[in-house]
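Before any comments, here is the structure.
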Amino acid sequence: MIQKIAAFQTTNFKINAKTLLRRRESGILMVLVLVSVATTLINPRFISGYGLSDLLLNTSMVGCLAVGLTPVVIARHIDLSIASATGFSAFLTAHIIVGHGWGVVPAFFVGACVGAIIGAVNGVLVAGLRLPSLVVTLGALYIIRGIDYQFANNKQFTAEKLPTDLMHLSQDKIYGVPYLFCLVLLLALFGVWWMRFTRFGRDLYAIGSNPPAADIVGIKVFSRTFFAFVWCGTLAGIAGVMYLSIYAIVDSAAFLNQELIVVTAVVIGGVNIFGGLGTIVGALLGAVLLRVLIGALVALGVAQFWQQAINGLLLLIAIGIDRILSRRSETKIERIRDERKMEIS
Amino acid sequence: MKISAKISVAVLAIATLVAIPLSSGASAAPKYKAGLKIAMISKIGNIPYFDFAMSGATKACKEIKCTVKYFGPNEGTAAAQIKLINAVVQQGYNGIMISANDKDALVPALKNAMKRGVAVTSWDSDVANAGRNIFVNQASYDGVATAMLDSVVSILGAGKKGDVGILSSTPDATNQNAWIASMAKQIKANAKYSGINVVATVYGNDDPEKSTTETQGLLQSNPTIKVIVAPTSVGIISAAQYVVAHEELKGKVIVTGLGLPTSMAKYIKDGTAQAALWNVPDIGYMSVYAVADIASKLVKTPVKAGSSFAGGTLGSRKAFIGDNGPEIILGPGIIFTPENVDSFKF
Amino acid sequence: MAQASKATTSRALFEILGAYKHFGGAIALNHADFTLRAGEIHALLGENGAGKSTLLKVLAGVHTLDGGTITLDGKPFIQGSPRMAMSQGVTVIYQEPSLFPDLTLAENVFIGRQLRNKTGINWSEMRAQAKALFDELGVDLDPSRIARGLSIADQQVVEIAKALSLDAQIILMDEPTAALTKSEVNRLMLVMRRLQEKGKSVVFVSHRLDEVFAVCDQITVMRDGSTVAQSKVSDSTINDVIKWMVGRELKDLYPKMESKIGDVALEVNGLSSASEFANISLKVRHGEIVALAGLVGSGRSEVARAIFGIDSYDSGSVKLNGKILPGGKPGISVASGLALVPEDRRQQGLFMQASVSRNIATEMLDKLAKFGLVSQRSENSLTQEWGKKLQIKYPNPKAPVDQLSGGNQQKTVLAKWFATNPDVLIVDEPTRGIDVQTKAEFHRQLSQAAASGKAILMISSELPEVLGMADRIYVMHEGRLVKELSRKDATQELIMTAATGQGRGES
Amino acid sequence: MKNIFTKIIQPQRRFRPFTWDVIIMILLVILLVFGSILNPVFLTAFNFSLMLPNIGEILLIAMPMTLLIIAGEIDLSVASIVGLSGVTFGLLYERGLNIWLAAFLGVIVGVLCGAVNGILVARVGLGSLAVTIATLALFRGFATAAMGNKSVTDFPESWTNFGYSTIGKTFLPQTYPLIIFFIILFGILTHLSIFGRRTFAIGQSVEAARFAAISVLNHKIILFILTGAMSGVAGVIYVLRISTAQYDNAMGLELSVIATALLGGVSIFGGVGTIWGVAAAAVLFGSLEALFNLQAVSPNIFTITTGTLLIGSVMIPLLLGRINRFRIDRIRENEKNAK
């Protein structure tokens, strides 16, 4: 379809890639502001006081995971094991640091390593053997959670045992922005640089945009895809440590069944599920929007039982809007090529 | 009741001294079937609560020379428990003690077990009467509700008015719903609690993340809340942690509810929370005796009001017919205080 | 027959001697010779299947020769890897380039070699350089727009810019003008001249001889895998070239049979589709083979698709045996006796993973089925029946159609539609990419079908095929029917003139 | 996104590599033999009478899901449909509606949910993965909103018996005649009917299917409706089996269903799969879990095994393909040398 349209497109019709992307992200930002303002008007406590920092703290984990998942989705893959990896890393990290009496920095290091190893295994299977990522990571979802259960048994770590530094980390903030969210911003900043300003990152866009062509022009598909998975796993590991810090309790069911939430955040953020399109910033904004929406529903006192239905509806609207936007640009192209047709004949 | 318990403890102690090579259970109720195999099925296999109960069960089993094995499904659903019940029945277990994820869903599987001669007690969380021989209740629903209400009154100050929010587990949790209903009933009926104004009930699904979000929403939409009641050992930690994490809330919002002393000690000591619970190992302990009594036909089924169950060191309990068939009650709950909290190892 | 021309003085870049290449039984290159000199635009001509695409792919590093030698600038040319070809200074511009649709043009130009500074990719520099390349080529393209939605002409320009940025010495263009409009072709020609000015060599494959004569210096003509002529453009005429290209008696390849022309079977009136074609009216009678000639991209396949109902159309009507067909409903078209053998058998005509018998039975399921159930046996017997009639060679009915040769695949498509016993058969490029023998057989089948009273609408880019098979010829140009010719009036020149739009006065 | 299975080339006529669905059936037989040696109870009628109801819903939904994945789509919302139709059934029954009518309307809700998915995917043109992630939340949300913190449990005993008990003294649960009927129906539908032929065709190439005059969009909508309808049936059966209608019935079942389908040899890229393989995979799953439970192996090991099998279901065909290709190369070389 697009190919055909392309055949008739003229040079004088310009879509500026930057403005287009900017439009997508500014769109999310607008909705974000709109929802926040509206909710604050009805319930002033939503943003004021500690409301905002709560919101950012709540977003830290899903935001971190969205930043992690984005390069994988851009390369036309998916990682469904992301929530299992987070949960496992949370428990394993707790186990290791409690055992050794370690503090914050080693905790993050351990968590990142656990996640990186999981990501590397996924990466080898998907990028190395070229197995479908949906199936591989669905399998990994089960395996990691099973190992987590088996390893954790009935154990649980609570604030009592966990290092107090780590517990405090989630409470500390700079100008109302929690440290943990600052960490996410740092990771996102690195992600932006990686995905926008290195060949490595650009290759991922190319791979997701046109896989056969990526092979033809000689992109190192294996190493690029592999490291996208390692990155995703690493951030899942870091998110696991955040979990410890925020919720001060961990057992083997930590972050159970949350993988689709992360996918949802990324999709709302304008990252195309079929690869090639989207930005880290968008995904992070998507995560924030998702949490703001959940928070708004709660703060507005929307009946508990309707929240999930509303979430589903919002996601449908988000993907619907994407579709309408792409359709609108198509019809615009059609109109122009018709004008041109008349000019020719 | 109290006196009789004390007496039986005394009797037991003497019996233990007298019959050293014999187990105390044997002397108190001498005819437990040899080689009893008991399966303890929990709601879910990943929380320490059930581990502590299991420690009590193991202790009881040592006393009466039976074996007990722990089965924890890896998802907290009735469907997962059904599979375990089926497997246990086929492995030739004589007794099942189960903390049910669902009141009705397990009934067919449990009925099937009883049909094949397996003794079934429910404990911690009941199933419908048709699905078990007896329910070993940790404390009566009303009793638990009263304990929590008393705690709220102690926070608010007697006779004072105050807004209260409830953070429950899942919307369909049997125990939590019964406790919440009982609290509502008592607030209406008892002048002592008339100052308590429950403004909202939210559900944290026993998930730290959701519980935290819901606590946050609860306080945002109801800034006047002074007490959060969380009748769930997972939710109460999340609520307490949320309050601890916010300087603004310290002292203004107090959390109370049901929680394990080991995981709540920190919050109880710094004044963020109060908590009550029954003695968790004891309920496992008592349940083993109950199921062994029935499996060894020391108590005839169907259990009638007044039938006596041996309770090892805890003393015997008399069955009565509750709203949902025969049950025995372990005893009043324990209120944890900064002083006593460290003495409980569960 | 070959005319050697050694007049050119510049040094030879590519020298190919005795190139031989076969695919299974089909010989694609049969001792072909080819010489490319520095700074020339060299046309590689021939009918479809003459071997020019194969030769091009060898130079692009896609195929490796089975025999013969290639030297590049005096050194042996390393074959068999597109990357190696690129590093030896050879790039290809395909008819439909495969860019990365979500990336900007600047990035597409520099893909895998993005310009960098200390902090990472230097976007502004990259844009500037891409802009400079586009300017150099005389094309106004915004380097910061994304490639999605770009016209094919512009995509080719991006590929050419990429070739320039790689400092490629040799640029191979495989039918680049096939899908372009006249003005776009003109622009491409300007670009080619710029390349020549910069000392690059261009190999240009095209069917449009006017373009060849307008822009090229040198001509190599191929036929049946061999080189039949090498000449300077200034030394030859269009008529010479056509003679070299065709150069064969048409009789045996085009076994046209006598058939009785009956009533109108297919009648199309004023069919228009906004962007594809306008006001198409044509008739096909029972027993008649009507050709729809024209250049690739002139809208012929789109008309066929609209008639059949794959695409919907804006206005006009399609009548089959006097009954109006509803648009956009291929199921009803099939039920009313229409069949379409599409142009791309791998994508459109066949389910490549499925067995031969599944493929042949696709349209016959309703008739084969009892109570809605289809038995393998009935599918197999249908396959055997039609396999025999059309002489399809397949290992067994259960073998995936993927394993068959191109000709047998195409026969499988034909069998699928013949099995429905259609009144009207539309065939779109029926003999593209199949060997001569099968081609002849295919033509015989079409002839027989016409003789038995079927109406056939044949779309073909091969003029000999059109001339050899058709009773009547419609010529399309840029979405419109520009000429109707009878069998006896038609000549290659007349068709070409009409198809290239020269008959209607210069626009 | 082309099928990895197409890469398994087969030049020799006699060369027929094992397909995954055959492997899974062999695995099932091995498991049954091995299990009966390991545990005398395993291969008994009683054990099967207990095991079979547990996989009933998975079997029911995996059937249409197989067709859907073969056609190149996916439905993640099935478990939510199970929940919603169960809730509908329960609530309507509670309101005093005739139980047959209530069950019927429960299934109809499933049909409607399937239609919503189908229309969003085929008519509006949204990706099925994204759409059904959204409707997963939406349908479950409706169930939650409708049911709240209640549950409906007082179904008549004859009905709950249907969900759980066996037929007389046999080991076959009362639901199984229905389930087996559906397996055979879907087997016929998939492998013998025109509808099945067209489903494979669409999965292999949507474009070729359009040129073969198959109405692809309508076909996909029908597949989604079928999936919804079967989820509705499973929803009612689930309610009866656990004699409870709740908002969270069958939560998370979608991954089990998809895992079963993939394990049964259905290619995630469409165009490849058999009903028999999927049915065998479901029984394999159920038997394996039952054996693990009988042996008192931790359920965690079962979870790990599930994941491993899932990865194996794509990895082993790939390895087989590599081996086949290697063999083919050797055969070719031999032929060359012979010349």
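Labels for the chains are A, B, C and D, by order of writing; each one numbers its residues from 1.
The definition used in the following text is that contacts are C-beta pairs under 8 Å (C-beta built on N, C-alpha and C of every residue); 3 or more make two chains touch, one makes a residue touch a chain.
The chain list, named the UniProt way, goes like this: A, B, C, D = Unannotated protein.
Not measured: the values here are computed from a predicted model.
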| item | value |
| --- | --- |
| Chain pair showing more contacts of the two, C-D and A-B | A-B |
| Distance between the centres, which are taken as Cα means, of chain D (Unannotated protein) and chain C (Unannotated protein), whole angstrom | 44 |
| Whole-Å separation of chain centres (CA-atom averages), chain B (Unannotated protein) against chain C (Unannotated protein) | 78 |
| Distance between the centres, which are taken as Cα means, of chain D (Unannotated protein) and chain B (Unannotated protein), whole angstrom | 38 |
| Multi-chain contact residues (two or more partners), chain A (Unannotated protein) | 146, 149, 305 |
| Touching two or more other chains - residues of chain B (Unannotated protein) | 45, 74, 171, 203 |
| Overlap residues in chain D (Unannotated protein), where contacts from two or more other chains coincide | 144, 148, 247, 252, 299-300, 303 |
| Each pair of chains that touches, named by its two labels | A-B, A-C, A-D, B-D, C-D |
| Chain D (Unannotated protein) partner contacts - residues on chain B (Unannotated protein) that touch it in the complex | 45, 69, 71, 73-75, 77-80, 82-84, 86-87, 89-91, 102-109, 112, 128, 170-172, 177, 203 |
| Residues on chain C (Unannotated protein) engaged by chain A (Unannotated protein) in the complex (per definition of touch) | 82-83, 96, 98-104, 107, 111-114, 116, 119-121, 123, 139-142, 144-146, 148-152, 154-155, 179, 181-183, 274-275, 278, 297, 478-480, 507 |
| Interfacial residue positions of chain D (Unannotated protein) with respect to chain A (Unannotated protein) in the complex | 4, 76, 120, 124-127, 129-131, 133-142, 144-145, 147-148, 247, 252, 255, 258-259, 262, 268-269, 298-311, 313-315, 318 |
| Interfacial residue positions of chain B (Unannotated protein) with respect to chain A (Unannotated protein) in the complex | 44-48, 50-51, 72, 74, 171, 200, 202-203, 207-209, 212-214, 216-217, 219-221, 223, 234, 237-238, 241, 244-246, 248, 262-263, 265-267 |
| Residues of chain D (Unannotated protein) that touch chain C (Unannotated protein) when the two form their complex | 3, 5-6, 9-11, 13, 188, 192-195, 197-198, 200-201, 204-205, 207-215, 271-272 |
